[in-house]
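Per-chain numbering from 1; labels A, B, C and D assigned in written order.
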Amino acid sequence: MSAPLLEIKDLHVSFHEKKSKITAVQGVDLTIPKGETVAVIGESGSGKSITSLSILGLLPLSASIDSGAILFKDKNLLKVSNKEMQYIRGSEISMVFQDAQASLNPAMKVGVLITEGLKARKKLTRHEQRSEALRLLRMVGLKNHVYDQFPSQLSGGMKQRVLIAMALSGEPSLLIADEPTTSLDVTVQSQILDLINNYKIENDASILLITHDFGVVAEYADRVYVMFGGKVVEAGDVYTLFRNPIHPYTKGLISSIPKISDTEERLKSVSDFVFEEVGYVGRRFAPETYSIENKVYDAPSELVEVEPDHYVRLFVEKEAVGR
Amino acid sequence: MIKQLLKQPQFLLGFFIIISLLFVSLGLNSIYEGPKEVKFLYKNDGSISKVAPFSPTDIPPFGTDRDGRDLFYMILDGAKYTLLIALGVAFLRLVSAVLISFLYKGQLKNNTFFNDLVQSTLYVPATIFAYMLMIPLFIKSTTDPISFGKMVIIQCIILTLIGIPSLVVTFSGDIKNIMNKDYIISTMSLGAKKKYIYRKHVLPEIKPKLFLLFAQQAVQILILLAHLGVLAVFVGGSQTEMRGDFLNLTAENVPIAGEWSGIIGHSFQEVLTAPWIILIPLGFFFVSIFSINMMISGLQNIISKNKRK
Amino acid sequence: MTSRYGKRLRSIIIGVIIISFFPTLFFGVEQQKSMKPWEYMLGGRAYSLFPDIFEKFLYSMTILLAALLFGLFLALTITFISTLLPRSLQKIIYGFYTMLEALPDLFIIIVLQVSVVAIYKKTGLLIGNVSNVYESKIYFFPILTLSILPAIQLFKITYLLLNEEMNKPYVNVARSLGHSNVYITINHVFRNVLASLFHYSRTIFVFMLSNLFILEYVFNLHGIMTIMLNTKGVAFIITVLFVAIPFSFLFEWIERYTQRLNVHREEEAA
Amino acid sequence: MSSIIQLHNLSKYFSVGGELHKAVDGITLDIQKGETLGIVGESGSGKTTLGRTLMRLYKPDQGQIFFEGKEITHLPEDKIRPLRKEFQMVFQNPSDSLSPHYNVGEILEEPLLIQDLLTPSERTNKAYEMLEKVGLPKTSYHKRLHEFSGGQRQRIGIARALVLNPKLLIADEPVSALDVSVQAQVLNLLKDLQKEMNLTCVFISHDLNVVHYMSDRVAVLYLGHLLEVAPKKELYTNPIHPYTKSLLSSIPIHDPELRNHSRKQIVLPEKSINPPHLVDVGNGHLVAADVINITTFDTQKEKQDISIG
């Protein structure tokens, strides 16, 4: 495991809706080594997007980071000044979002969108900016004529490629991809993910991949964090996690996805697993009071390294296992 | 819907103001005949110090108009005419627009000819449109006089007709949007008749919008009445009275009903010498429009809240 | 461009003709002094429409457009300033403006007229020539008066559009690329706000036309709206078309321009 | 096995901004009683339009639709109404396809009301019975839509579609708007109900894994054309059309050891002008003729050479 590029330590984020306070992320620890793809997988409401947004400080107004630190090149991004954060965004760390359709300003041409990112950082003449933008377009597989087109004239897949070109214009060392292909067709999906993967390999950069699709994790991730209800419930490198998932939620997730196999056995859903296995190594899995509908969890719990580089969240007190 | 509305502070504020204005105005002349006209103010030595119209400082609270009639009393008394006409005509416009769009549900929606035709009303301000229709009415009534009641009814019909075309266009636009919703298509898949779909699904969805359109129409009519007042077009018509002293007798149109736009129109010539006679009724127009806007914003909160649910 | 617009223009003309027939429709053809079709009555004397309608049209339109531009400028600056203010202050400004919005146009016109006269009486300083002394056209004062209400209206619309636009995903993308908030507001958001303002152009126009009419009446400036009030039959049709044709052309162009911008919305729907 | 629905080059065109968009173009398909036909296609392939046209929710522009042998293509609305209870649809987004203005009880009883079956009390019992069948508590009867999660709302959608005991159920992307863990439960529910009520199912989705789990036969749609139809095993192990091959090869495999980043270039064929003609290449596998060279084709020999891409 090479030196970590970015480390999230005990991150807590909560939302303030009128009077009530909703915790979105509870004590998340996450490390992104250099040159690796780290995937964070979880369902809607698991806090995976909030975690990624807090890195660049792009949380909505109603959200507040209660505690924790995000260390990047020995700087705590939560304490960095506005000016410096603006510099980091786009040149050190940049982001690609899910909803490609609405992520491009409809009133601006593609060429302007890309060169705009360049102007902020590099002192290039107009001509150099144009050729750099065309290079970026070719890099993401788009022809030169796209330079003069409006976003409304592009397909979903092409829009996502423009977004990636914009994000990579500053050669960031970390690219955060928040469900980059969810709204795209499966044939386009693999092309976009290959594109991101090639960038990682060529520039020895790291990728933080936020997704809810285990297939994408299996194809592209090196390390995996499974999140549920704002907590990391299992983490490890992708091979061990797929070979030997331990936490019932992870097992439930993997098994509830229909796979093309000859066996016609019935799909198992997450709730089937939770009630069968209650504990591991003499400790109960957390969050124990788990139900699909209201996602209730409390009681202190911690990530325990049950096998080398394979962590599972268990309750702290070691009272006897068994229902 | 109504329960939610009563929890909206803005809506309650606006609703309270309008209702109290109406309530006072309706009950007023039955309990209090109103102060007599004061034509002259005398100094203590008996000589005339001032001639009507008197400023609010001379005779609180609002002073008097040219004939010395107390403005405060006139405004309160006239409130009922103006507000009732505004609300009544708005209601008539809405009901007829609903009927027309429901009757022609098929054709009107995508009938571009009709929509373009209505475009032409854009270029003729409602005031001119109303003026154009009411002047012949007054001319006709000089030959064979029309009773006050009949005149008001005809005028209300005119005010209603002016507003219908654009309302029908917005309305069929809304119906068209609702018809594309998935749960309408799923009801169709059950074989429901068009009438059933309109009654059971389109109406509940469009109800909040109906209140909104009603309030907006009321505001438009209030402004229209103020304009017509300035153009000396009075609700209930006018009769000519001889004015001035013996030397020069001028025939003048004196509004019968004391509603606000009548007050404004009647003393519009004095706008520079006695501006309060015009500004105070306009102030009341402002108060009523402001309270209706409050009701509108209360409604809009509910519509957006329901959409988010 | 032509066929679609041609059809629309034809129906507008038919609509105007129908409107002009309404009075006769309702009350029968009233007996008028022998009025040639292209004449209009003003203060008891008949004037011929043609030579001076162009001049009056230009006069009215300059006031309308100048007031609109000035109002828009006012609204945009206030919106931009309010984006820099804290949220609570923005709410107060917005609340204040919703109150102002309820002001009838008559109220503003008369208050301004009266105050100009009052100032003139007290200080002898004539801020603006209030009424239209024969043939000398006044510009500054009517434009100022006419620009106040659209400024209020436009402010409210731009304020709401701005807030709506600020939560759009592309703003987040711009922030993730390191652009400052002010930069994003100017280059990205204002561009879209202006584009969607075009969408409201029709309602703003209708609103301003009726303000212009009442302004011309109160200030007795003999613009095209005064003519429209005093004409009947063919003369009325000609006057209305004078206003209708250029503006319907403008709206058609606006619709074609804004259509290109949000084509992708239709794509999603198809 | 007799077929429940036969389509003969069915077409549905929409005019989008002036030009003609052929959403569904010349599709010939047979749906056998009791089977589940999967329809797979990416966005813009016309799969939803096909589902809705087949149910006569959209008026077909060309071709015929036969339901149990009888042609229903141009049946007038009142004639087709009784037939509507035989084929029902489950929509993709439960929050849009169910009315927010009524409680669950009314939603479930509405189909019976429209088709005017059973007495009111029988309708209520039927509603409770359906709630129990889809695994929802009896208390949901009086609740409104916003009190349910996505998965529960989809169960209400299914209950509503089945309350008329239809013969054919068309599920249009029923699980793509749901979370993965909830998806599995809804898919299993659909499978159980199909067996219990011996339904014929048309399962529309863009997700090849879900289609594989649910279907007996699978049809591949591309830009409004039907390219390939075959029993599930046959299609997934022995795809012939290059588009089907590239679709299958781009599905991520849930096993990190089997990563093949050296995936072949995706082949997206040109949209052919006229609809392809399907040829039977043996064991129920039909494929667009232009893809295979008919003259040299011999069913058995060809099968050995074609291997997974």
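One rule holds in what follows: contacts are C-beta pairs under 8 Å (C-beta built on N, C-alpha and C of every residue); 3 or more make two chains touch, one makes a residue touch a chain.
Since the model is a prediction, treat every value here as computed from it, not as a measurement.
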Per-chain CA centroid nearest to the all-protein CA mean: C
More contacts between chains, A-C or B-D: A-C
Separation of subunit A from subunit B, taking each centre as the mean of its C-alpha atoms, in whole Å: 58
Gap in Å, rounded to a whole number, between the CA centres of subunit D and subunit C: 52
Chain centre separation in whole Å, for subunit C relative to subunit A (CA means): 50
Residues of subunit C whose C-beta touches two or more other chains: 263
Subunit B residues within the subunit C interface of the complex: 112-113, 116-129, 131-133, 135-137, 139-140, 158, 222-223, 226-227, 230-231, 264, 271-272, 275, 278-279, 282-283, 285-286, 289-290, 293, 297
Complex contact set, residues of subunit A against subunit D: 43-44, 156, 185-187, 189-191, 194, 197, 212-216, 218-219, 221, 238-239, 242, 252-260, 262, 266-271, 292-293
Complex contact set, residues of subunit B against subunit D: 181-183, 185-192, 196, 200-201, 204-205, 306, 309
Subunit D to subunit B touching residues, read off their complex: 52, 55, 57, 77, 80-82, 84-85, 88-89, 91, 93, 96-101, 110-111, 114-115, 146, 160, 164
Of all residues in subunit D, those that touch subunit A in their complex: 42-43, 149, 151-152, 179-185, 187-188, 191, 206-210, 212-214, 233, 236, 246-247, 250-257, 259, 261, 263, 266, 268
